[in-house]
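So that we are looking at the same thing, I have put the structure below in structure tokens.
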Amino acid sequence: MSEKIKDNVIESMKEVWERTKLLHDAPNHYCPGCGHGVVHRLIMEAVEELGVMDRTIAIAPVGCSVLAYNYLNVDTQQAAHGRATACATGIKRVFPDKIVFTYQGDGDLAAIGTGETIHAVNRGDKFLIVFINNGIYGMTGGQMAPTTLEGAKTSTSPDGRDVDLMGHAIRIAEMLALLPGAYYITRQAVNSAKAVRKAKKAIKKALQYQIDGKGGTCLVEVVSNCPSGWKMTPEESNKYLDDEVFDFYQLGDIKVPPKEEK
Amino acid sequence: MNEEIIIAGFGGQGVLSMGMTLAYAGMVEDKEVIWMPSYGPEMRGGTANCIVVVSDDKVSSPIINKFDTTIILNQPSMDKFESAVKPGGNIVYEANNVMNPPTRDDAKVFKIPAAEEAKKLNNPRTMNMIILGAFLAVKPIIEISSILEALKKVLPKRHHHLIPLNEKALRLGMELVGKD
Amino acid sequence: MNKKQLMKGNEALAEAAIRAGLQGYFGYPITPQSELLEYMSRELHKRGGAFVQAESEIASINMVYGAAGAGARVMTSTSSPGYSLMQEGISYIACAELPCLLVNVVRGGPGLGTIQPSQGDYFQAVKGGGHGDYKLIVLAPNSVQEMADFTYIGFDLADQYRMPVLILTDGALGQMMESVVFPEYDIEKNRTNHSSWATTGRVNGREQHVITSLHLQSEDMEKQNQILQKKYRKIEENEVRFETIQTEDADFLLVAYGLSARIAHKAVNLAREEGLKVGLLRPISLYPFPYQAIEDLSAKVSGILTVEMSAGQMVEDVRLAVNGKVPVGFYGRMGGMIPQPDEILEEIKKLYSPKRRQ
């Protein structure tokens, strides 16, 4: 062995991991096993790697991630429930050079904010929507979301979601992909190392499109877990994603920019 | 001078633009002016009216219910506004469109066959200018030259070639006063 | 020099906003304010600003939130039902202390109501409107010229106090045409630089800026409230605006704002013609309200009549100011009906007493 030991530190030791620079050094309030922390990290890594911190503005509306500015160390606006895309439109139309992303849950994006979401995408406003879909209202205590799967038990569908009474789970990414204003729409996950790598790539790609001024709205849906709301251990919740959720919310690109189509 | 006028008729008769022309012309002469339209469903084909005030002094209320002159272009407006003219005021009305002439004996009444004359000019849309001319003969508060100046503002550029025709209509209207 | 133009109130306001350096307008069609939206759609793009016809008033106000939070000079306009829809967003904007201009071209309500002019949104405008303890500076023009003038003042006050300013006008002032002259306005000189707090991106690696109205710890939320309240006290001290007409020798006082004040002015003239010494006080800033000026005048007159296009809203503030010293009567019309000068004169005669108190 050739390493020299100096002050108890192996000199040839290489730094293989460091805290993401654009994350605040703060303990987060998310439940153990929740996907939010991972997605926060991926976005901040992408912003850092693309070198656009000095013009990036995040928008976090109401939901578990309403306090995202305590973790994301970029300029952030906290928006009203469902209105993140409207805020983003306001910023982006007046300041087209800013790099803007919203960070929205499924209740926010697909229930109370459906109108704002559809019209922002329909206008093709050039920002990124990061859409965390965990099929439940986490912050308010595990109520049924528009994305909750048929039969799933929540605090407002205690006997399981009855689609005759409560409507069906919405695949909003597929709906949005129908709009000409949508530029890049993909559905990702963060429940395995491989999935995390792919999700990071998708986020970075979407931000790059925005930096390049490419035409249209980008949406990266991350089908995530909610161990607390689902009443599962983190491990069970990740398995549940693989076993059941991805059957309905199939992962992969839903709409890609024209020239990239095969 | 402080002249308070209401112009009322059907949508499409040029009620609002007649009033606007008058207001513009007042401004050309550096007078204080107000143009207040009735707006809403009336705009869409029903009855329309506008209030115009032309004054040497600052105008207090744009909301007025008694007028120095009422210019009436249809029967429903006659029914509604005949009573709104001040004693001693003027009622100028279009002969063809009003069946029942006004009965006020404390106002001066001018019946103007503007629709018929407009037909003779081969342009029924000049009816409002004939009426405006008649009004200006009754109440010479604004110079014709100012009205022509105002038409440049009120009419879209593509209609500016019609200004000479409008002038003809105005002068015709002035001549019609006192002829009936 | 800037010359006289004949314009609708809505258009004059829009033109003034563009001349004041408007960077973004977000709005939704509703009668009787649509000319403002249409004017912006014609003019703003070609004069360097961004125009978006939003999908709703809710989206409009949140677009304003976003762009104002990024430091832009922005506005929205609407009419009563649309203004109700905006209340949540306005509460957020007030708490997050974002400067912007709001315009409510009021129509008769409640409900879908009528498109005719009204002053029925006074309470909503000056007593809050949305949830929580907040205020807007509320300016009430009464002419097309003031529709323009107050737009400049509104933007500057919004910047100065970092808060929304509301222009409370009505359908008649929005629709009517009068001559207007646009004053010279130096955008660069008058605009405040918001880079110390706006979310612009962390320029040169500076500290993160956050725009939020969320303070989960009650202690923090109370602190934010105290900041707002302190600001409001300062505004009450410095920004009261009103006009008096023939009050010097008046035995009797009318109080009216906006269009009603124009009509009341005519009623004053009619009363004076009959030898009744009537004066008029017109609040221009509805918040802050000219309590002191009314209190001072109430010591001199025998009675007061408040005239509104409502069931009687501002009259409550007049009574607060007068505090029982003299009788305060009310005359109003509702639902798009407008009080007429001769009707007001009749009311004056019922209450008038030629006893000047001082």
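For clarity, chains are labelled A, B and C in written order, and residue numbers in each chain start from 1.
Simple rule for what comes next: a contact is a pair of C-beta atoms (placed from the backbone, for glycine too) under 8 Å apart; a residue touches a chain by one contact, two chains touch by 3 or more.
Nothing here was measured: the structure is a model prediction, and the numbers come from that model.
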Contact graph of the chains (line, ring, star, complete, other): line
Longest centre-to-centre distance from subunit C, chain (CA-based): A
Distance from the mean Cα position of subunit C to that of subunit A, given in whole angstrom: 41
Intercentroid distance (Cα basis), subunit B paired with subunit A, Å: 64
Chain centre separation (subunit B, subunit C; CA means) in Å: 34
Set of subunit A residues in contact with two or more other chains: none
Residue ranges of subunit B in contact with subunit C within the complex: 20, 23-24, 27, 30, 32-37, 39-40, 60-66, 153
Touching residues on subunit A, where the partner in the complex is subunit C: 52-57, 59, 66-67, 69, 73-80, 83, 86-91, 93-95, 98-99, 115-116, 118-119, 123
Interface residues, subunit C side, partner subunit A - complex: 23-24, 26, 49-50, 52, 54-56, 58-60, 62-70, 72, 74, 88-89, 92, 96, 199-205, 208-214, 216
Contacting residues of subunit C [partner subunit B, same complex]: 4, 6, 31-32, 115-116, 171-172, 175-179, 259, 262-263, 265-266, 269, 338-342
